[in-house]
Structures are given as structure tokens and as C-alpha cells.
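Note that chain A is present in both complexes that follow, paired respectively with chain B and with chain C.
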Partner chain A sequence: MRLAVPTSRPLSRLTETRLLFWVAAITVTGFFTVALALGQGLDGNAFIVPTAFLVIAFVVHAALAMRGLRGDQIMLPVSLGLTGIGLIVIYRVTAGTDAASLLTLQLAWFVVAMAAFLLPLFVPRDLSLLSRYKYTWMTFGLLLLVATVVRGEEINGARIWFRLGPLSFTPWELVKIVLVVFLAAYLDEYREVIASRRGIWRVLPPPPYLVPIVAMAFAAMFILAFEKDIGATLVFFGIFLAMLYLGTGRATYVVAGVAILIPAAYVVYRLYAHVQLRVEMWQNPWQDALGSGYQILHGLFSLGNGGLLGAGLGAGDPQSIPVVWSDFVFAAFAEETGFIGALALLAMYLVLLYRGFSIAIAAPTTFLQLLAAGLTFVIGMQTLVIVAGNAKLIPLTGITLPFVAYGGSSLVTNFLSIGLLLRISAESRT
Partner chain B sequence: MSANIRHLAATLSVLFLLVSLGVGYWQIVQGDELSSDPYNPRLYSEAAKRERGRIVDRDGVVLARTDASGDSFKRVYTGALYEPYVGYATLAFGAAGLEATYASSLIGEDPADPLGAIRRRYLGERAPPGSVRLALSAKLVDAAARSLGQRKGAVIALDPRTGEILASVSFPRYDPNPLTDASTQRAAFDALNNDQGKPLLDRAVMGLYPPGSTFKLVTGAAAVELGLDPNKKVPIDSPWKGDPSWGNYAVPSPINFHGEYDLRQAYAYSENIYFAMAAVNIVHGDRLADYAKRFMIGQSLGLDGPYAKTQLSNSGQLDRPTLVAATGFGQGELLISPLQMVLITSAVAENGVMPTPHYALDVRDGAGKVVRTIQPGPLAQPIRSDTAKLIAADMVYAVEGPNAFAYPAAISGIHVAGKTGTAENPQGSPHGWFVGFAPADNPTIAVAVVIENAQNGGLDAATVGGQVMRSWLGK
Partner chain C sequence: MPEVTFAVALWALRLLFLALVYGLLLQSIGSLQRALGRAPAVAERGLAYLVVAQAPPDAHRRGERFPLRAVNAIGRDPGNDVVLRDDFSSARHAVVSQDAEGWWVEDIGSTNGTFLNGDRVIHRTVLHFGDEIEAGRVRLRFEHA
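What follows is the complex of A and B.
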């Protein structure tokens, strides 16, 4: 393995530059359209926020180009495009309301996110330190989760928040990256043993190799269930099964995992009143339309108002959905840009997934292959869970739409993933 | 490894496709349904920005309007008298009643005028809003409300030929105006929802009561069509224990009668035993259930507003002889609304044809041009024309016969058809019922009245019913 970030001659990232101009065009047009439609004027946030966002984006791009970083030039512009769309939607639903300060907060988080993005590209000389210290990372992750249980704050029935001054942050967002790193490293080391059938009943792998990985994954999920965060538990379980499949290629593990999940989900359903409420409201939000079904119902109204072509940016009523900026940004965007816009947004995620999995396939080592595929999967799965929740296909959870939804910890860790993927891409042979 | 990655990527792609279809379902397939949902605030947020259409009665009396105050608009209701069915339209709690049913019409997006909706939406045109004209007569509502007074209950009157609802009154009712005022709406809404008198419940269409003897219209019609000889005198010996297997159950006679009645007398003196015998011996449980269904009990009634579905029995069937007997004279497990009863009465009045009930007559655009006429037509034909004529004649005798129970409904100069009911119920003293129509030979109004825990049972209800019909006919 190479010991430093491979570079080529400076100023070679022209595709990225070109795509960033599209990001700039979309962001500026979006902000101006919303500002005009809402009668907010082109001063203040409508001017400052997109300008600051784009200046930072181009500075980061310039840093990569100056460094002469090789590798993928699609992922950064696409994720920045999604972030820009997120800022437009947050501006649109908060302008002129009590929540207007969320826009500048999100911009501040974006600065932190860019630092997190650059971290894996500039700092470590060698990514293998991730696999070498896998137990350290995982212990750190579990401690972070336990600390949340002990010191965290409960918001909306789930105790997943840490408050630092004015900013609250959700540790599990970072822990899911740690889990991917740990699983990638562990499977890299033991995947052949785990894929074998020489252990229990000649079906399962030998216990000494199976137990640690299952224990780690279930410890994380148990703590999350204790924190009453069902969405995060679901994503963790998904990560676990996906990584296991990637490492071993055995679909029976996935089937067995789902077979365990169903009774476990039933137990959780019986134990927690707020889970039962969420499921009931998912099945029929109309039965308590002014109470617990209010949010999901107004999300549906928002989708319905969009139709094929959308109400137009600034011309819908998405601000009628409570906490629209974190749980229902997708519905808000789909209302104002229509089904066409919703499909375009989902297509942007598919581009990210396509690039991420391509990077995984081309990655130089098995560990990096697993890591890249796992990180890509996390972005894809979160998108699916929240969009399906908005469309009432599954019960709504607190998962946020990657890059678009308001939420600092989510933005930071998603850009950390993109940074890692770019680094892996740069290390690949092609 | 690469193969595994490709499989995972393919799985995610399929899931993305499924989720896209789910989003498309709500955006494209369900779009119209969602946009007219009563809880959708988009139907009312317009009201704050511009004028929302008026709701007027059949003579043009304004029941709901929008007043301008500075830059904003406020919904104003003429009074509590037309609640709960006119309903309310608020941004905070959605809408109820006709404000909900005709919400899109009132903001100028009536489904019959799709071009108007498109012009408004894509070209931002601010055409004056449409209005909805009801079949309701404010004068008749006034008369019915005065007649019912402060007694809990409901009155509903309709034109049996067309199904137009001429008057509807439910007590207790509420004043919707505090609900549209930002400073009072939360307190008012909570108070309404916690009110023990349930003023939000429209007893005329959502109140479910045992119908008592008014249900004998159904039993009698079924029996006649299934072979009952209306002129045959049937011996009655109160109380009637049909069969030893009934145990302690016995059908009581309202006047502890011993003697013999034909159908006409059984209606006039509301003889439970006569109808219980007809139900058990001639109609039988399965066919009584069939006739109840033909009279649309437990079925959708097509009303252009909220209403409750009625029930024949807890299980939907009549499988025990005692239940058949009890249902035969309107007790058992029957739960019927005044709306259902006035429709059954209308079918008797109109030669067996039941009309589809409707509140609204037409929807007009801002210029006053009619964009949609509401004429739903007949709902069902539960019985034959000759059966209906026979029952109608017996109902006239039930008002005009010597010492007949429904005498307070009589109007001098015309024939009135009627039937009282006194319904035993678990909540206390019996509910009083009356159903009727007039003029009997050419009916223009049918009415159903229920008074909860009435002092004099059906007598009180017949008095109210008579006054309402008299007021409509100008006598």
C-alpha cells in the first residue's frame, strides 16, 4: 500500500470545476427564486448564505486541485449540490419564521463538515490505521453511545442528543461510520472463516470468530434501542447485514438476520408506547389527524400538492408541516418541484451510490473495498428510510435525508464519508 | 467481492425504484384526493389571503361569508343555528361540515371547473371566489329550532322527490365564530371537544338511536311484500312469549292490549306484538336483514357531508328469534340516525323510491354563473310502489284515525302521514321519535324528529314534526 496520498499535476480537476458551476447556478437561482416568491428581498440571507456557501465550496475544491488529488470528481459536486438544495429548502421553510436562524446554523455546520471532508484527504499518511486500531474505534463508538444514555437529552421521545452550547449533536451519526470501519476491518481479517461452514452444525462459522462481530453489532443496537431511537437501530442493523453480505457473499446471513429482526421488532413494538404510536399513525394518520397523525398527514398533503410539475419554489405550503426542515425536507422539495423534482433529487443520490460502489470495486485492498461499499451503503439506506417514511411506505423515523436535511452531525459525518471515499478513490490504481 | 458489491448496488437500485413509485403514488395518483382532504390547510390558507366564497341558503340568505379587515380576511358565520353541518374552515384545525365538503369549490377550484383551477394555480389569477347555494331554507331551520327548543335532539326535513335537505337542526349546537379568530380559537376548540353535550356531533346525521316504533315502516313493508294480509285481524294477547325457548323474554304491548288488530290499526296504536309476530312468523330474520339493507341501513347514503353509518345489529345479522322479534318493533340492537329514518319515510312517500340526500343545490363561480348543479337522483328502490302506497295510507290513519298516537302532527286542510316512536334506551327515559310527510297525496316535505329522553315520548316529537311541516306548507 502507498504511504502517501497519490497526486498528479495541480489544476487537473476540471470536471469537478465544471460541475461546481452547475451547483452555483442551482443554488443562486434557487435562493433568488425563493426570495422573490416570498417577498423577502435579495438582501440578507438570500444573498449572504449562497455566496458564503459557494465561496467555501470553491475554496475546498481549489484545495483539492492545488494538492493535485487524483480520483473521483463527481461525488464532491453532487454532494455539494444536495447541500445547496438543502440550504434552499431550509431557507424556504424558515424565512420569516421563528426558525429562521436554522439557516445560518446549517451554514456554520457546513464549515465544520468541510473540515471533516478534508480530514481523511490531508491528514493520515496511510488509511490502514483505520483497520489496525479497529477495536479502539469500536470501543470509542460504544462509549459514545453509552455516554449519550447517561448524559444525553431526550427530544421527541428519543434520547440521542448531546448539547454543546447552542448546538445539539447526535453521537450515533459518527458511530455508524465507526461501525462500518470496524466491520470492514474485522471482515477483512476473518471473512474466509466467517464465510465457512465449519463451525456450529456445519452451517454457521466457528463461534470464536462469529461472536465478537455479532456481539459488537448487537451491543450497538441494544444501546440504541435503549435510547428509543428506532430509525438508528434499523440503520445499524442494515449496516450489519450489508457488511456481512459484502464480506461473505452468503445471502443466508441476510435472511437469518431478517428472521431475527421480525420477532425483535415485535418485542420493541410491545415495549415502547411511542413506537406503537408511530406504527398506528403510519397505518392510519387520519384517526388522529389533529394530534399524532398531524405531521405525517401534512407531509402527504405537501406531496399531493406537488403533482407532476410542482407548485413552484416558494409557491407551495410546506411550512405547514411541523419540523419540516429535519423530517420532511424531501416532501417540501417534492411539493415545490413536483414528482419531476423528486425524481431528479433521487437520481442525484443514485449518482452518489453509483460512484461510491464504483470506487469500492476499484479499491486496492479488500479492507478499502469493504469500507467504500459500506460508507456508500449508509448514504443509500438513510435516503431510502427517510424518503419511504415521507411517502408513508414505512413508519416515519428520525433519520435525516443526507446532505439536504437540517442537522449538523448528519452533515458532518456524511461529508466525512465522502472525504473517505475520495481518498479511497485516489488510492485506487485507475 | 466485486460481485457482492454489484448485488448490493442492484438491491439498493430496486429499492430506490420502489420508493420512487411510492412517492409518485401520492404525488400523481392521490394528488386530487389529498388536495380536497378536509384537514389539508392549503384549502384554508387562501382564506387569510383573499376572499373565500359564501355559503347561502336556497333563498340567498348568507350563512357563511368572508369579511375583509385591513389586509387579511376573516371567516364569519351567521350563527350557531346552522351548525354543526355548515361547519368551519380554519387554518389551525382544518375544516368540518360543508366547509370541508365544498372547500375546493369555495376557493374557486370546483372539480367541475378544472380550467379555473389551472388558471389560478399557474397564472396566479385572482378571480372572485365561487359560492355554494344550499337547499336549506333558513326560515324552516328557524322554525324547526324554535320548535325543538332547548331539548337535546335533532330535526331533519327533506324534499322526498329530490332528496334536497330543507332543514336540519341539532341541539346542542355551537357558535363557530370563535374558531376563526386567532385569539380565541384554541380555547374554543378545546372547550367544544370537551363539552359533555357534544355540540360537534350533528345528531341529525350522526346521532345513532334505537328507532323504536318508527322502524315498523320497514317491518310492515317487508311483511306485506312477503305475504302478510293487511286486512286480516290478528289476535293479540299481551305480553307475547313467542316460544318456550325465549325464556324470560316477552314482547310488551304499549297499552297492554288484548284483542285483534289489522295492519292499519297496528300502525295507529303502534302495537309491538303485531309487528314482532309479523317479523318472526312471516318475514324471518334473514329477509328482515335483507329489507333493512334495501332501505340502506348500514349502507352508504351518498350525502355531501359527514354522516354516520347505521346498524341493524351488532353482528349485522338477525340470527336469534328474540332478536328478530325485538328488531321487528324497532328495539333489539338497531342504531339508526334521523337521516336514515327520513330517507325510509321518503321512500314510503315517493312510491318506493328513496332519493339521495344532499345539502347543496349548486356551485357558482365568482360571476354568479352556475358551474355545477347537484342532482344526485334516486339512491335505491327498497319496496314496490303498491306497498309504499299501502303503508302511506296506513300512516295517514296513524295521524288521523280515532285516538291515533301521531295526532299532534295533523294539519287542518291537508292529509298528513306520520308515525311516532318511543325508543327504550340504556341512557334513561325513552327517546321520542316522529317521522312523517305531507301533503300525503303529493308530498313536498318529509321529516324525522328525535328528542332524547323526551317527557312524552313520540308525542313530543310528533308535535315538533307537525310544526315543521306546517311551517313549510305555509299553513
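What follows is the complex of A and C.
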């Protein structure tokens, strides 16, 4: 039987092995330092979590090598490095508090995430499976969103949580990937018609080809408006515009999209009190410094306390920020490692983005190019939105910092993206 | 005294942690840079290739690969698909093209002529993989994709 993934001789992923040893060193040193600084023992979580994390990481790496998988060897170690840093930060801010169980939960999610990562690499079916059943995937995505509206739970003003037994997850995370797949497949099929100016007023493409995209965009926006999650809506809109631009090369779409976004944003702002609150807290967090402005102010204190070199791992005060592990991991890491550490963290995202776009450029078909570029864009956009939110550059939203922040569904879908990107890069080498 | 040693050790560990983060970063950027040299960009993939077999040392590196499309103009002018950096070749020197019957080479009025495996190309001539085309002082080998 012919395997869809090109293979080379086994055990040839030495770059990945080498980079993984750096990841191991970072994780072990980080946990050790935090445990010493906090006066926690080296038994318990400080020992078990990094060990389990690294064992799983190396097992996954060995599985790739035994599979004889070619292609990218940088994305996995860099994303694992970010995950390791995330575990260190979560350990740092939850150790000794009643949120300490989050660390083991995140580790459990990491196991699921690794399974999601391996899925596209070990399923022998061709990736055109994704483009052929694009309407099925999209229906599935919309159903997920509808299910959240009907059965979801509201936390912090946003109805995005879905509870299954003890685990709660945000279906929205998965819908992002589904959306990228759908748009890549649709634009691959109709990009020339959509890029043409032969339809309405000789400016827009013929309506029949625009209807599916516009309808789908509005359906998803409408549902997201019900879920009251502005961050997710923003990322969704960004994906939509970026994919249209990548597929057609027409900046008109981006300009028109932003022109629609501004009045839409104003309407949402008028309609929802919690959106107004977010914007007010962004403009002036001091007006309610002990109430709704508390979180953002303490995030800013943390960033300021970090300074150039940082307060030192375990020596800062990041746990004063409410829900620091999901919304403010960037601020927490920046406080304890300073500008220098924050710079390194952002540079690691830059490596991921650079690599993702190179994979897109080298991909063998238009669909795979659009898919790789879209998946990379999602990671970049989320990083931008949440880091800017932490720094009070834009209003804070509930987007998670990819790989680092606490959050199971986010970790799983981000590693699924990395798995897909690796698969695309394995198919693109001639 | 032990407290001081502990504090110093802790700070050493913190600095080590930062150094390791930068280590991973620099190592991955290094690997990125090396991978870039190996990976063929999409623009470089062609239906077939012309590979430089021999050239003046300052003009072309031996082994330089030109990806071919269905029709390829060869010559010194930068508007050509295959740009030769050699004064002995003409601005518009030759054309290599593909049709239903296969690949062809044609001289388009060059001053010093086009040679296929040593013989001067007068009419449009069929090309086989492994053939060598000479234009000016540059010799190009026609290779399978």
C-alpha cells in the first residue's frame, strides 16, 4: 500500500532531537528555580509535571522519527518550548494556592493535544479529504457553535463554554480550524471568479460565488454575537479577511471588510454592557481600580515591575492578577523575566510564524498553501490580540496566548494546527 | 552565610533559565536558516531544469539550476526566463519549449550560435534529458524535474 506521507530513512530527525534537549533544559531549570524560590519541595508537582511532559515530548518525537517523517523539524520543538514555559508559569502562579490542580489538568490536556498533533501525521489518507468535504466540515463547525448557544455556559459574560462531565471546553477553538479549512478549500476552487470584477457594477465578483462566503461569515458572526465573545469574533473576522486577501490578492476586500467592521463594532458596543465595560476599562482602568479595572491594572503593575531584567523567577507578584493563568500569562512571564524574557517569548512566536509561512510558500497545491498560511495566521493573530490586550494597547479580550496560557481546547487545537503544518511540509519536499 | 549562597545560587539559576530560553531561540533560528538553504521555494520548481555544467567562473556557479516552464527564453537580457551572465551570449539567444511531442530547442538569431551536444542548432531541434546546450561560454545540461 502506498503511504500518502512521503517517507525517508528512519531516525533522521536530528535537528528536532537537538532542539528538544534545549526544551528539556529550559523546563527542568524553570521548574527547579521556581520550586527553590517558592520554598516548595522538589517532590510532587515540581518533579512529576516536567518529567511527564518531557517523556511525552520525546515519545512523540521518537514516533515521528520511526515513522520516517520528513519535513519541518523546528515547529514541534519551538511549540513544545512554549508549552514548557507555559507549564512553568502556571506552576509559578498556582503553587500553594487552591488553583494548584490546574497544572495537572493542563498536563492531561497536553496528552490530548499530542494525540491531536499526531492525528494528521499518522492518518494515511490524503489531505484533499479536507477540501473535498468542505461543506461537511463547515456544517459541523456551525453546529458546534449553535450547540454552544443552546447548551453552553456563561462565564465572564461570554457564553463560549461547553461542559461534558468534568471537562469544559470552548468549541470556538476548533471552529477556527474548521473555518480555515473551509475558506482554503472554497477559495482554492473559486479564487479566480472571486478575484474577478465581472459581477455587480463591474467591481465585485458575480453574486452566486460570493453568497456562500458572505452567508457563512454572517451566520458565524450572528452566533458569536449570541455568545457575546468579542475576542473570538475579532479573530474570526481576521481569519476571514486574511484568507480572502491571500486567495484573491485583492486589497479591496480588506478595505471593505474593515469598513463593515467599524459600524458593526459600534453596534455591538452599544448593545452589550460587558463590551462597554471592557472598552471603558481599557480607556481608564483607574475609574474602578478595585473592581472591574483591578485585573488590567495589576497586569500593568506586573509588566512595570518586570522592567528590563525582570524580578526573577519566583520573586515577582504575578499571582495578584486575577485569573492570571489564562488571561495574563504574558504579563506574568514578563514580570519575572523582564523585557529580555518577553522579547525571547515573542521571538519564538516569530520563528513559528516565519516557519509556517515558509511551509505555505513551499506547499505543493493552492489548497495546501492557503491552509498552511491560514493556520499560521491564526496563531499569529491570537498572539497579537492577547499580548496587545495585556499591554493595554487594545481592549482586553478572552483570547488565549497560544501554547502558553492555561486552556485545554486552545492547546489541543494549536497542536492540531502544528500537526497539519508538519504534514503539509512533509508533502512539499520534492 | 548559607542564605547568601542560596540567593546567589537562585539568581544563577534564573540567569541560566533565561540563557537556555535564548539558547533554544538561537538554535531554532540557526536551523531555520539552514533549512532555508535546502528547501526549494515553489518558484524554483519547474517542469524540467537547465543545470549549469560549465561557465566562466564569475558568471555562474556550476550546478546552478534554472527551472523551466512551457516556454523559456534564454539570453543575456534580464527579461529572459533563463538569464545568462556571459558576454559571449546574445541578449535574446535561444528558446527552450515544450509541446505535445516533447521538448525543443531553437536558436533565435544569436550572434555566436547555440550548440546542442556540440552541433550547431540551425532548425528547431528535439531535446532529450541529459542533452547539453551551449550558449556563448555557458554549457547547460537539460534535466528531468
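Basically, the second predicted complex is superposed on the first by the 425 of 430 C-alpha atoms of A that agree within 3 Å, B and C clash if a C-alpha of one lies under 4 Å from a C-alpha of the other, contacts with A are read in each partner's own complex, and residues count from 1 in each chain.
By definition in this document, a residue touches a chain if its C-beta (ideal position, glycine included) is under 8 Å from a C-beta of that chain, and two chains touch if they have at least 3 such contacts.
Remember, it's a predicted structure, so these values are computed and weren't measured experimentally.
Aligning the two structures on chain A places chain B and chain C next to each other without any clash.
In the superposed model, A:Phe32 makes contact with chain C only, not with chain B. In the superposition on chain A, A:Ala256 makes contact with neither chain B nor chain C. When the shared chain is aligned, chain B comes close enough to touch A:Tyr245, but chain C does not. By the touch criterion stated above, A:Gly306 is placed in contact with chain B alone, chain C being left untouched.
Taking the C-alpha centre of chain A as the apex, the lines running to the C-alpha centres of chain B and chain C meet at 120 degrees, rounded to a multiple of 10.
Judged by the touch definition given at the top, the superposed model places A:Leu384 against chain B, while chain C stays out of reach. Of the two partner chains placed around the shared chain by superposition, neither chain B nor chain C is touched by A:Ala195.
In the overlay built on the shared chain, the residue A:Ile361 is in contact with chain B and with chain C.
Once the two complexes are overlaid on the shared chain, A:Lys392 sits against chain B while remaining clear of chain C.
By the document's definition of touching, of the two partners only chain B reaches A:Ala342; chain C does not.
Distance between chain B and chain C in the overlay is 7 Å (nearest C-alpha pair, rounded to whole angstrom). Applying the stated touch rule to the two superposed structures, the overlap between the chain B and chain C interfaces on chain A comprises residues 354, 361, 369.
Against chain A, the residues of chain B that register as touching in their complex are 1-9, 12-13, 15-16, 18-20, 22-28, 30-35, 37, 39-42, 45, 93-94, 121.
Contact residues of chain A toward chain C in the complex are 15, 18-19, 22-23, 25-26, 29-30, 32-33, 36-37, 72-74, 77-78, 81, 85, 310, 312-314, 337, 340-341, 344-345, 347-348, 351, 354-355, 358, 361-363, 369, 429-430. Within the complex, the chain C residues that touch chain A are 6, 9-11, 13-14, 16-18, 20-25, 27-29, 31-32, 35-36, 39-42, 45, 145.
In the complex of the two chains, the chain A residues touching chain B come out as 242, 245-247, 249, 286, 289-290, 297-298, 300-301, 303-308, 311, 317, 320, 334, 338-339, 342-343, 346, 349-350, 353-354, 357, 360-361, 366, 369-370, 373, 377, 380-381, 383-384, 387-388, 390-393.
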